[in-house]
Each structure stands twice: as C-alpha cells, then as structure tokens.
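Pasting the structures here.
The same chain A turns up in both complexes below, where it pairs with chain B and then with chain C.
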Partner chain A sequence: MAVTGTETFEALTLGLGGEIFAIDANSVHEILDIVPQTEVPGAPPLVGHLINVRGKVVPLADLRIRFGMERTPPTIDTRIVVVEILLDDEPTVVGLLADKVHEVTGIAGASIEDTPDIGMRWNPDLIKGIGKRGDDFIVIPDIVRIFTTH
Partner chain B sequence: MTGGDPGQVFREEAAELLADLESALLRLEQNPTDREPLDTAFRALHTIKGSGSMFGFEAAASFTHHLESAFDRMRKGELAATTAMIGIALAAKDHIRILIEDPASADPAVVDGILARLADLSGSAAMSAPLGRERDDEESRASWRVRFRLAPDALERGTNPLLLLDELRGLGEAKIVALTDDVPPLEALEPTSCHIGWELILTTTHPRSTIEDVFIFVIDETELTIEPMSAMPEPGAEQEPVPMPVTAMVAGPVPSKEPAPSKADGAAEKGRAQPAANSIRVPAERLDDLMDQVGELVIAHARLKQLISDSVDLQIKSVTEEIERLSNGLRDITMGIRMVPVESLFGRFRRLVRDLSQELGKDVALTMSGEETELDKTMIERLNDPLVHIIRNSLDHGLEPAAERVAAGKAPQGRIHLSARHAGTRVLMTIRDDGRGLDRDRIRAKAEEQELIPPGAKLSDAELFQLIFHPGFSTARTLTSVSGRGIGMDVVKRTIDGLRGTIEVSSLPGGGTEITLGLPLTLAIIDGLLVRVGQGRYVIPLFAVEECVELPADVERRHANRNFLNIRGALVPFLRLRDSFAVRHPPDPYQKIVIISSGDKRVGLVVDQVLGDHQTVIKSMSKLHAGVANFSGATILGDGSVALILDIAQIVAAGQTQELRREAC
Partner chain C sequence: MRISIKAKIVAAFGTVILLSAATAGIALNGLSDLNQKIEELVSVSAQRIDIARQMPSTVYLIQREEKNFLLSSSEEDMDRFDKAILARREEFKGVLEQYRRVADAEGARKLAQIETLMTEFSTAQDKVRSIGRIHSNAKGADLLTGSGNDAVLAAQEALRPLLDRVETGTQATAEQIAVAHLIRRMTTDWGTARIIVRNSLLVSDDASTAATLKPLPDLLKNISQQQDRIRTRLASEEDIRAFNVFVERYHVYERFTDEVIALSLKNTEVKALALSVGEVRTAATKLVQAANDLVTDAEKGMAADRQAAEATYSQIRAITIGAVAIALLIAIAAGAYIAISIARGLGKAVGLADAVAIGDLSQKVEVSTDDEIKDLVTALNSMTANLRATAEVADEISRGNLTVQARPQSDKDTLGLALETMLEKLRGVVTDALSASDNVAAGSQELSASSEQLSQGSTEQASAAEQASASMEEMAANIKQNAENATQTEKIARQSSKDAQASGEAVNKAVQAMQTIAEKISIVQEIARQTDLLALNAAVEAARAGEHGRGFAVVASEVRKLAERSQGAAAEISSLSAESTKIAQEAGQMLGRLVPDIRKTAELVEEISAACREQDIGAEQINQAIQQLDKVTQQNSSASEQMAATSEELSSMATQLQDTISYFTVEEKAAARSAARNPVAVAAQARPAQAHAPAPAARRPATTVTLTHKPAAKLNGKDRGVKIALEGGSGPDALDARYTAF
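Then we have the complex of A and B:
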C-alpha cells in the first residue's frame, strides 16, 4: 500500500465510530450486508465472530474495539467489508464491520501526513497516516498491525 | 497425463517405479529364490532405463543400465541375490533417485563406488560374456512391417517421433517411409499437430515384443500395426552398432543392446499396460478442489432441504430428494478417489526397519497385515512422520538386544507388526512390538520429577502411558542417534490430534508395547452431532459420542464444584459448556448431557438441546483464531450460518484436569 509518496492511493472510505477510515481498495474482495454471525467463545474480542462468505468461514473483526470506540448496534447502513490481508505471508480473508461504506476514492499521496504523536486518542502504532479530503480528515489504519499486535 | 513438462511426468513415474523396486528388493532379500520380486525389480529397472533415456535423463539411464544387467543375470541364475547384492541395489536405487530428481547434487564418487562393488560381486569374467549376442544366434532374423500413426496431439504431449524412429532403427535394419496421405492442405494445416505416419520394413533379430516396447509410452494413443513379413535375410545387412552411452565402469564390454525380454516377460508387460490404460494421473490439488466443490454442494443441498421442509409442493420435494441422492453419491465417489491403500505407507517402513536394525545391530522382523485398508491420501502423507517416530522408538527402546531376549525366554529375533483395519467410520492402525514393554516406574518417576503429576497420584496404566506424549518427555537413559532426545512422541500426539485421530497405548512388562491410532477415513467430511448451547450451535464429532442422557435434577441442583455423574456405576466428570463458553442466555429447563470419549476417558458435556446428526464439511479456522482452545474447526449449517466443531481431545483433557483437581483435594 503506497501510503506516502506522490502516487494516488485508491481507497475505500468507510465510517467507523463517527470517523472516516480509508482502506486499500485493492485488498477489498466484496462488501456484504449484515449476515448471521457466530460467536467464538474464548476468541479475542476483536475477532469474536465468524461469518459465512460464499461457503468460506471467515472471521469478522470489529475495528472499533481496537480504537476504543463505542460498539453501537448495527443499523440499516452497517456493512461487512471483506478484505484479504497478509498475515505471516499467508493471505487471510477477514470481514471488517463498518457503520457505513462511503465510496472508492483516490487519496493523493502528498496529502497524507504522518501520524501526529500528540492530539490523538488512539494508539499511533495502529495508524499509517492521516489523509485529507476536502475539509475532512481520513484515518488510514494499519490493518495488519491491528491484527498482529495486542 | 496432460501436457506439461514431460520430464515431470517421468519423474513422477520414476518415483513410483523406485518405490516398487525398493519393495521388490526387500521382498527378494527375505526370499532370495523367489522369482516374482526379481522380475518386478528387473522390470522397474528396465522401464526407468528406457524412459529415462527417452526423456533425456541420460546419467540415470546409463547408471541404471549396469544394475539392470546384474539383475538380468540374477534372473538367469548366473548371480545369486545375496544380502550384499541387495544392499548395493538399495544404495543404487537411492542414487538413481538423486540422479533423476536432482542430478546436479549427485556425487560421481558414489557412482564409481557402487559400480565397483557391483563389478566385484558380479565377477568380471562372467560379466564380460556378451549376453545379447548369445541370444542373437538363437533367434532367426525376421522382417516386420511396422506402421504407426501417432495421435494428432502427440507432439504437444511431448512425444518425439524422431526418438521412436531412432529406437526402431537401433533394433536392426530399417527402411522408413513417411505416410503423408493424411496431411491436410496448407490452409487447414495445424502446425502443432502430427499428420505424418510412418511405415518401416524392419529386419531384426529381436522378437515382436521388443518392437512393441518401443511404443510402450504412446501405445494408447497410437495406431500401430506390426505384421511379420516372410523371413528374408538380406545379404550384407549387418547389424548396426548401436550407439549407447556406456561409461566403461564395468569390466568387460557391456552388451550392446538391452537383453530382449523373454516371451513371458512381454506378456507380463502387456498385462501391466492394460490397467495402466484405464487409470490417469491427476495432481492432488485438483482432487482437493473437487472435494471443496462437493463440500459446497453438500452444504447447498442442506440449505435447499431446510428451505423446502415446509413446502407442500411434492415435485420440488422429489427433486430435492433426487439431488440429495446425487450429491451423496458424488461425495462418496470423490472421497473414494482420494483413498489409497495403506500399503503405500507401510511399504516405506520395510526399508526403515532394515536400515535401523542394521545400525542398531538388532535382528528385527517386520510383519504387516491389512495393507489393503484404504485411507485418504492426505492422511497417508501426514501419517508418515508419526509412524516413523513410533517404529524408531519400538526398535530402539522397545526391542531388547538378542542376548537379553534369549535370557528372557524369547526368540532372539525381535518382531514389529503393523496392522490396519476398519472399525466403523474409523481406521485403526496398530504398531505392536514384542520388546520389553513400557517401564511404568520410570515413567512415573520421570513425570513426578517434571511435576506433570502429583507424587503418588493414582493413575491407570492408560493415563500413565499418555504421559509419554508430553513434550520433552523421554525416559531413555542414553541418547542414541535414533531416539531419546525427548522429541518425537509429542510430535506424534500433535500430528494425530491434528488429524482428528486418537492414540491408545497398552503395554505388558516384558511382553511388548502396542500403540493404536484411531483415524477418521477422511479429513474433509465427518459425521457430527449438532447441539445447542444458549443460542450457539456446535458440532460434536459423532465418533466420540457414546451416549446422550438427561441431566438428573438432583445433580443439577448441586454445587458447581461437584460435577460428576453416575453412569451405570462409573463416575464420569462433566463440563457445563455454557460455563466454558460464557453463555449469558438462560439455560433450558431440561439440560442434556452428551457423553464423549477419547482414549479410555469419558467426559459429559452439558448442552441445552441435542439437535440431531449433521454431515459436517470441515472448514479450518484462520490464523486469527489459532489460539482459541476447544474448537478444531468450523462448518456451515443448512441455514448458511457457521457452527464450531468441538475439539474432543482438548475438551476431554479439560474434563480430566477437573477430575485430577478433585483427587488432589
């Protein structure tokens, strides 16, 4: 994911706990409406559920947990963004819960700034950078880190 | 055999031939006068040599040639199949494998060493007899009209007609005419297809079967006619010297031509070619894909069945039943395709036992039964390492040296017996030795030392023996190159658990040890019992389920610390799955208990409802759930939702810890 540099980065923007997050559009497999979820007793809360994506069993992650956001019940806008990430060099398909999916948009690399050390509510390790789109700030999370650090 | 690298096709074929060769050699060693393994070994060598040179594995082919010559002489009774000879042949077989798989890493010194030993044994005088020539004189020269036309796609499959023609030319004098009558006009010409046929008048001393052998790899796709012509030895037609890459390692000239197979041999070759024509080689991944698809079909059908369960439309119902029948049939066939006899696994251990028993200086006989029992191919592959560990342990620790055996009143030769048999939907694989048996006191001492068990704990034999599967647990007093490093048995345990299998150990002091592996037939689909706990549904593998009972009200009311149930006089600990899974939903009024067993241990699982049996297509869980205990996988239910599959071994262990705690109190 070319986050810094001059290239434009194709991102899917989604709403999560009142913020706008951007994830690499190329990693997105599909976007689903909410589906029945199966709780996995004893699993880390971040990936506490499993869903069925076209016959495959896929973990469902609620990123709000890692960012300390309030877990509001699903609404009519709630979607599941199915992405493929590399965990220990192994492609892993994960569903990400999103309060709302906005659009696929290009974010100019130049507009992305490093994560400021202060003035942030969240662990800066989990964020790759902050992009700007118009007057809005867009958070670019480090998805792999979110799953590999605890 | 579709397209691809023809070299790879040869490598795969050679791997099978080498395995055949090894097992034939080992059988021959047991029974030096037996004709059958000798013939098998010779045929394997002959084919490796023939197709090796055809596919450009010259080094392997010419090396194999020397071995083949020696075996041919054994067949004629000129050489004896001594242990030394078999030893060389086994070493040579290993080297052929290297020459084929990784020619760059082959050490030429090994070739020299093996050939020198071979020449020593053969005796150079006998070796120099020109075997081929003798036969030439016996058989009269005959002329054959050979017509052949390759399949149109033969070139794409990697067949080179020039090599065939060269080989035919090598048999004798040949006049070759190309048959161009089938070549289409230029606009219709497909340049990658083979439109040309050939006709030869071949004058040779070789029998018809030798000519047929030239076409052995293309016979299925080739139109071939071989007609005898009246014998007409042409004056001046002398046998051409045959170009043959022969390294002059063996003393004396090597027969210029491979010895013609005898008539009986030719018939055997044909007999073998017949079943080969009816089987095809398919990459294992394609079978995996097929199994995945069939799994999806089974799930889709379950959904369909659930959707129409309320329907009154008889036509839809009958179609659904039809689909059920078809998908079950498809599932069974697909699983059948993946089944391989355990012979292919057991066969490997003959060599292991032979080499280890020589290394350790113990005389050991390996016997087998039930080799025809079939298991999933993936399972067979994954069982190799655990079985190697178990057999090594038996040889190294279990079987005593001959003197000790005689002193104990046993036959000096140790015995290891491998057996496999079906038991319901499981396969039981047993490894039994007649050695000294497990030393209970030493296991106990060691376990207490490592604080695996409290001192003086009361343990049954089975419980005690399970301790040997604990990581880092080894009672061997000395380290040997074979075993005793404390790794191995825990790896065995982990692999077998991963295969959803069970391990049972029984042992008699001085009478030997028996390890029994219980394995599912397949890794892909299991029969499961679907249960409900709170709102979650879970699958319990049916093989582990002993019975379902209702939780008696008086036990229910008792304190949570006394979770024991009296099942026909035996005290069985039970786990409340709703506690283990932290279910907040209120419990159903009448709780059920599913009694499961692993090894000889039983544990009851308290559930809210038993929903019934379920064909479970096993889906593995992602890395993100690697650390989650209690579940071995997940599956998709008829309504499309996901259910978790309970990990029996872990849950039984959890139940047992509870029992140990109680005993400690």
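Then we have the complex of A and C:
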C-alpha cells in the first residue's frame, strides 16, 4: 500500500516500545483487551501464539520482535488490535499486540515522508513512512511486508 | 490411891465380857441338849409310829390275798395267790425286824407278843391253804361232766341197737317191744340217779349232801335188778352181747359215781371258808389289835419326847435370861460410875476452858479424884496462869508502854513469841511511822506546790492543743477538698480512656470505609477503561464508515475523552483514599497507644484519690486525738488543783498521825521526839498560806515527789481520763522511728 497523495487518511495510533505507530483504520476490525493466548510450539517467534476472537482462531503477532524492541510484560493498557490484511491476495485476520492504543486520527498525506535510508533503528523495508503529528513522529509500518519478509 | 480411868474401864468391861462368855456357854450346852432331844423326836419316835402303822395294813393285805386264794378257781391262780400270801408274810416279818431295831424294852415285849400272834395266824391260815387247795365239789363236777358223761354216753350207745329196732323198725316183736320198754324204765331211773349225784355236788354243807344222797343206793340197786330182768328176757345172741357191752360200760360209770360221791362228801370249800372266816379272822383281829397297841405306844412315846424337849428349852431360856440380866446390871453400874466420874471432872475442865475462851483468866479449879482428869485440870490451871502473865504484858503494851519485856515460856510458845515479835515490830513500826509521818508532812507541802505548777502547765497545754486542733481541722478540710478533686479527676480520666477507645474504633471504621471506597473506585476505573476501549472501537468503526461516520467519530472521541477524565479522576481518588487510609491507620495506632496511657493515668489518679481519702481519715483521727488531748489536759488541770487540796489535807493528816503515834513510849527517846516534832507542826500550820516552806524542803530533799512518772491515772481513787505520758521516756523510741519528720 502506497502512501501517496495529499488527502488525509484515518489511522489508529498505538504505542509500541516507546514509539508511536499508526495503522490504517480501515484495516482494523476491532480493538480487544488482552485475552488468553495459546502458545504454538515450533512457530516463528513473530506469531508464536494463537487467540480466540469471537470463535475464530487468529494468530497473534508481536511487532516488537520484528523491530528488535525489548519485550516487556503486558500492562493494564496492553491491547490487541485485530486487523485484516491481504496476504497473497487473500484477506487474513491477524492480532497485533500493542502497549497502548492512542486514538483514531486523521493523518495528512502531506506530512508523511519517506523513510530515510540511514540513521534508523529499524529496517526501512518494513516502514512505509513517517508522519508527523505535532512534535511527535508517527511510524507507519508496512504490515504486509512484515509478515511476508523474513 | 491412884486408879486411872483406863484401869476402871478395863475392869468393868472384863467383868461384863466374862459374864457374857458364861451365858453363852450355858446357852450352847442347853442348845446341844435340845438338839439331841429333837433329833430323837424326829428319827426314833416318828420312825416307830411309821413302822407300827405298816403292821395292821400288812395283815389286812395278807387276808386279802387269802380271800383271793379262796375265790380263785384255777390251779394257776391258786399258786399265784399262795405265793403272794407267803410274800406278804415275809414283808410283815421285815416290818417287825425294822421295828425291833428302833424298839425300846416295852416295844420289844409287845413285839414278841405280836410274833406269837403271827405264828397262830399263820398256822390257821396254813390250814385254810391246804383245805382250800383240795376244791372237792369242783373236782367232782369236773369228773361228772367230763369222764362220767363220756361213760354214760358210751353205755347209752351200746343200748341203741336194742332201742332203735323197736322205735324205727316196723316189724318188732312183742318181746322186743317189752325189752325196749324195760330198758327205757332203767335208763329213766339211771337219769334220776345222775341228777341226784349232781345235786349232791351243788349243795355244800355235809348234812344236805347226806340228805340228797340218801335215795341213791336204793335207786342203784333197783337199776341192777332191772338189768338182771332185761338179761333174762333177751333172746338173741346179738342182743345179749350188746347188753353185756352196756353193762360193762355202766360199771365204769358206777366207779366214777363212787368217786364223785366221795368228793361230794368232803365239801372242802365250805370248810376252808369257815376256817377263813372263823379261826383265821380271830387270829388276824388279835394281831391287828396288838399292832395298833404298838402304834398307840409309839405315839405316846413321841408325845413324851416332845414334852421333854419343851422342858429343856424353857430351862435353857430361864438360865440365859438370868445370866444376861446379871451381866447387863453389872455393865450399867460400872458404866454409870465411870461416866459420872469422867463427866464431873471434864465438866470442871470445860468450865475453866469456857472461861478462858471468853477471856476470863481469873478462874482456878480443884478436883478430888486422882486420875487423868486431875492431870488435865492441873495442866489447864498452869495454862491460865501463863496466859494471865502474857495478858499482863499485852495490857502494858495497850497502855502504850513499849518498854516492857515479853518472855516466851518456850520455843514453841507462839503467843509469847508473837507477843515478843509484835513488841519489837511495834517499836520499829512506831519509830518508822513517826519518821514517815514527818516525811509525809514535808512531802505533801512540796506536792501542793508542784501540783499548782502542773495546773498552770496544763492550762497552757490546753490552749496549745486547741490551736493545734483548729489548724488540724483546716488541714482536714484541705485534704477533703483534695480527695474530692482527685475523685473527680479520676472520673474524667476514666471517661477519657473510654472516649479514646471509642475514637480508636471510629478510626478503624473510617479505615474500613476508605478501603471500601478504594475498591469501588477501582470498579469505576475499570468501567472507564472499558468505556475508553469501547470509544476506541467506535472511533475505528466511524473511521471505517468514512464520511458517514464522521459525526459518530466526534461522539466517540467525546466519549473517550470523558472516559479518560473519569479514569484520571478515579485514579486521583484512589491515590487520595490510599493516603487517607494510611493516615487514618496511623491515627488509629496512635490512639491505641494513647488508651493504655490514659488508663494508667486514671489508675494513678485513683490511687491519689485513695491516698487523699486515707489522709482525710488520718487527719480526722489526729483531730480527735488532739481534742482528746485537750480534754485530758483540762482534766489534768482540774486534777492538779484537786491534788493541791489533797496534799493540804495530807499535811494536816500527817500532823494528826504524829500526835496519835506519840501515845506510844519507845524507851527514853520519847522526849527527844516530841521536841523534834514541834517545828514540823508549826510548819504544817503555816503551809496553807506559804507554799514553799524552806525548813522541810531543806530537811528532806530526797522526798520530793515527782509526778512526771505517774500522771493523773487515779484521781480521788477513780479511773478517769486518758492515760497519756506527756513527757514520758527519754527521747524518741522505736515507735517514733516509724514516723518521718518533715
């Protein structure tokens, strides 16, 4: 998904490892409180657990692993954001673990910049761009790429 | 001549005892005589009568046996009664032998006569026994009914063929009928003869027997003739043989008949009875007569013996009474003589003793006899003389003369010794009393002065005690106030303690309430969080709705803001409530620490209150003691005044005593004493006016009376007031050490 254009898009901002991430609000199904997780033996650490979302088995992904962040135990603000993404042109529902969910906000397309190639903590392949909101930076991750590149 | 009372009494009693012994001897002798007589009476005379009485009864028994003998019919009975007769005779002989043993000369003669009569009686009876035993008629009857009857029946049997053929047969010849008729006549006659023989047995006297038997020989001869006639008319051989058998048998009967007749003629039963009634009875009557004579003799002998015993008894009684009367007379005479002589002498002695007893020592007594009474009277006379001497000495003393000398008669003269001692003591006492009265006079004067001083001191003491009492009362009031305050404080402290406890509980409740609030707030927080989550989801939905969801997004945003605000407020409340809980807990702990302190304070205040109360009581007691002290002091004051008056009186009494004692003269010092006494008397006169007389005080400094050791315990002889030693002891003692001086 290319982040181009000048129109604003609705994004859900969430905190993860001290950074603010933004996910397209249209791909978000719902936000859940932390629920019981079932560990899947032999699975990759990114999606090591399964959760039950209204009767459907949904893999739970911890993006902190992908971004090389420190894994902290869940707090009272920890949430699961259930998103639907197209993997190989097939809609797939995945749960994303978030330290905190901030808000649904409109991000102006103009404020989004491309990811600089150097001076970044993270792999730039996994980031679509970085938006600004006030003084803060908002990282817009590329969810599909996160799950497709290993 | 001197005859002592002992000798007189011995002589009199000796005589009486000798006479009594003689009387007793005579009485004993007579008693043994009497005893012998009575013995004879009992053993010999009574026995004689007893044995003699057995004789006639034994004779009667023999006669009874004889009658039984005669009446008996069988041989056995006859033998039995015959033996009985012999046995009775032996018995009679035994009785005779018994009597012979106890018989006197006359009795022996009579006994010989009885033996002769007994022999006659026995001889006569023996005849009866021999004749009676024959029993002729009975024997004849036996013969007749036994063997005789058999013979008759046999003979009649022999004749039966001759008679039967006529009486049963039908073809008897005329000859045969004639023979039978003859035989009938013969047998009829024979029957008559048999009746005669039987009748002869039934009559018992000889004449009747002879008369009965008279027709028998003719009848028998007639029968023989008839037999001859029959024999001649017999024709057949058979008949002759039968008839011969009959004749033979008839002869047998004839022999029996002869025997029976001989027996019948004897008639022994009647003879024996005649003998028994006649000769034997006469002999028996004589025998019984003789035996009764013997009984009469024995009774007479017994009466004679009784008379002899009675005579002996009266003789002994007369002799004994005489002897006793003589002994009694002698005893009375001797006793009277001795009693009168002793009574007269003793009466005089008693008169003298009575006189001495009532104090009359002038009497003197004389007696005529020369015995123990005279010794007694002499001793009494010397006693009165000695008492008189002692009385004279006592008289001298009573006149006040103590210079006389008392000489005791001996070491044991208690009166003399006592008098001597009394004299000495009296001298000493009078001397001492004189000096003591001097001392008392001087002492009483000093006592008067001291008591006045004491009175003054007591008054001062009383006022001081009153002051102390007033102060004490004030102090008591203060203490009481203190006590009341302390009690109130105690109450307040107690209340505070309770309140603090209640506060602690309230704080605890507050803490609990805070905790509840915190819990509730957490719920609110949770709700806010959930609301926040919902608002977020709503925002997401709104975003997905695009343009259409914009209004909804605004609402969701607002809701979310509200949720965030309420979350923040809840968090604030939570932190605040946690803080206040902590503070409240601290307050509770502090209150918890405070409660025991307050309680302790209450206890301490209570102790203070109790101490105050005790102090109050103590103060009250002290106050009472001081008041008592005051009272005692006042009493002391009045007592000392009274004492002053008493000492005045004592002084005058001492003077009086000196005057009284001057009655006694004690050797030559008397003059000197009276000279020395005068100044004292002068001083005594001057005393009421002048309290401190210098002369006696100088003379007797040692007799100063100190009242300090004997406070007014006794006033006018009465126990009154409280005994308190005002200045007693030397400084503080063990009791004082218990109290601390402030």
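Keep in mind that, in the parts below, the second predicted complex is superposed on the first by the 148 of 150 C-alpha atoms of A that agree within 3 Å, B and C clash if a C-alpha of one lies under 4 Å from a C-alpha of the other, contacts with A are read in each partner's own complex, and residues count from 1 in each chain.
The definition used in the following text is that a residue touches a chain if its C-beta (ideal position, glycine included) is under 8 Å from a C-beta of that chain, and two chains touch if they have at least 3 such contacts.
Bear in mind that the values here come from a model prediction, so they are computed numbers and not experimental data.
Chemist: In the superposed model on chain A, is it clash or fit for chain B and chain C?
Modeler: Fit.
Chemist: Regarding the shared-chain residue A:Phe147, is it in contact with chain B (first), chain C (second), both, or neither?
Modeler: The answer is first: A:Phe147 touches chain B but not chain C.
Chemist: According to the stated criteria, A:Pro41 is in contact with first (chain B), second (chain C), both, or neither; which is it?
Modeler: The first partner, chain B, only.
Chemist: For A:Val101 in the superposed arrangement: first (chain B), second (chain C), both or neither?
Modeler: second
Chemist: One more residue to check, A:Ile51. First (chain B), second (chain C), both or neither?
Modeler: first
Chemist: Draw lines from the C-alpha centre of chain A to the C-alpha centres of chain B and chain C: what angle do they form, to the nearest 10°?
Modeler: 90
Chemist: After superposition on the shared chain, which partner residues are touched by A:Glu90: those of chain B (first), chain C (second), both, or neither?
Modeler: In the superposed model, A:Glu90 contacts chain B only, not chain C.
Chemist: Looking at the overlay, what does A:Ala25 touch: chain B (first), chain C (second), both, or neither?
Modeler: second
Chemist: Going by the contact rule stated at the top, is it chain B or chain C that touches a larger number of residues on chain A?
Modeler: The larger set of chain A residues in touch belongs to B.
Chemist: Given the touch rule stated above, what does A:Pro59 touch, chain B (first), chain C (second), both, or neither?
Modeler: first
Chemist: In Å, how small is the closest CA gap from chain B to chain C once the two complexes are overlaid?
Modeler: Here the least C-alpha separation of chain B and chain C stands at 20 Å.
Chemist: Report the residues of chain A in contact with chain C in the complex, numbered from low to high.
Modeler: 10, 12, 25-26, 28, 30-31, 33, 76, 79, 101, 103-104
Chemist: Residue numbers of chain B touching chain A in their complex, please.
Modeler: Residues in contact with chain A: 295-296, 299, 536, 580-583, 619, 621-625, 627-631, 634-636, 639-644.
Chemist: Per the contact definition, I'd like the list of chain C residues that touch chain A in the complex.
Modeler: By the definition above, chain C touches chain A via 529, 533, 536-537, 539-540, 542-544, 553, 556-557, 560.
Chemist: What part of chain A is in contact with chain B in the complex they form?
Modeler: Touch list, chain A to chain B: 35-36, 38-44, 47, 50-52, 55-59, 61, 87-88, 90, 92-94, 147.
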